[in-house]
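For reference, the structure I am asking about is given below.
Labels A, B, C, D, E and F are assigned to the chains in the order they are written; within every chain, residues are numbered from 1.
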């Protein structure tokens, strides 16, 4: 019955990576809290880098700075 | 003033269905808790089936299995 | 598989009212989108009136003004 | 470490406006609670007007009524 | 920078179990998406069983039925 | 109509600080996006330091380390 929401920036996450996040987040709830995987829900939100800020500036700008 | 968030998979939900969800969720708060509909907010999030997992696998795969 | 989150102010909502919200929100997803009720999750968040603002002021103050 | 989520309707919000929301929300946490801006996260969700309801009807319809 | 929110029912989850959820959810983002653990945030919400519904009824009632 | 959710650790935030967060978050939406303050909702979630992790460990432990 648990609900896990994973918010990440939208930067080319592959289907395989999403599948792995879903698999591991579900297994985590089974291992740590003995939850039923059949009713464990995982939702991944991919957020545009313009819409995600840290340190007061958008990730879009942070990525440029690093280069 | 209540806030209702409905998360569903993005699988061809029509404008009419969304209108009905908004109408019913708002009426529910009026009927059950006597809330003011004018400040009742309903937000519907449609999530890609690759990004929604249950039972440890993505809904995309679950839909294929059923066929 | 849908997930419904209902956020309301913590102002003496009874167990019966919560049960009714859970029942109606679930039935709404069954009726409108033909979802499976067995995997439909409803989570009610009750928020302290000091922690909920509208119109730029806390609900705690709004309640006092009305009197 | 704080996390701020801003949900607004998707109606032509510019990059400059998003940058300003990120800057001001972060500064707010610094000023009011003395939080570290470097670990303050701001996420902006833009929601389609069909998917946002208030007063029991979608914003899409409300915008039409106003005209 | 990722943000993970884990919602579970409030049923005696221990400090050790919470620590393990935080550790594993963070490691998952490092392993799968090569994210920086130092800015990865995990928030655990424990929800009263009266406020969590599945299959149209509160978990409080489901727990009683099982006995 | 915007909805702002501010998640912070539960560490003695005062009523005055909460009022200031509500006031400033609302004013931000008015100034930057010309939103109507009367339908702008701000919800503050205070999270126990055991339930908030960053860098893979709970804030409870991080606070101890700093001393």
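Everything below uses one rule, namely that a contact is a pair of C-beta atoms (placed from the backbone, for glycine too) under 8 Å apart; a residue touches a chain by one contact, two chains touch by 3 or more.
Please read all numbers here as calculations on a predicted model, not as lab measurements.
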- Equivalent interface to A-C, taken from B-D, A-D or B-F so that over half of the residue contact pairs match: B-F
- B-F against D-F, pair bridged by the larger set of C-beta contacts: D-F
- Query: chain D to chain E: how many Å between their CA centres?
  - Reply: 26
- Taking each chain's centre as the mean of its CA atoms, how far is chain A from chain F in angstrom? 21
- Message: Can you work out the whole-Å distance between the CA centroids of chain B and chain C?
- Response: 14
- Residue list for chain D, restricted to those that touch at least two other chains: 1, 3, 7, 21, 25, 39, 41, 43, 52, 54
- Query: What pattern do the touching chains form: line, ring, star, complete or other?
  - Reply: other
- Please give all chain pairs that are in touch with each other. A-B, A-C, A-D, A-E, B-C, B-D, B-F, C-E, C-F, D-E, D-F, E-F
- Query: Any idea which chain A residues touch chain B in the complex?
  - Reply: 15, 18-19, 21-23, 25-27, 37-46
- In their complex, what parts of chain D are in touch with chain B? 7, 47, 50-58, 61
- Item | Touching residues on chain D, where the partner in the complex is chain E | 1, 3, 39, 41, 43
- Message: For the complex, give me every residue of chain D touching chain F.
- Response: 1-9, 13, 17, 20-21, 24-25, 28-29, 31-33, 35, 39, 52, 54, 59
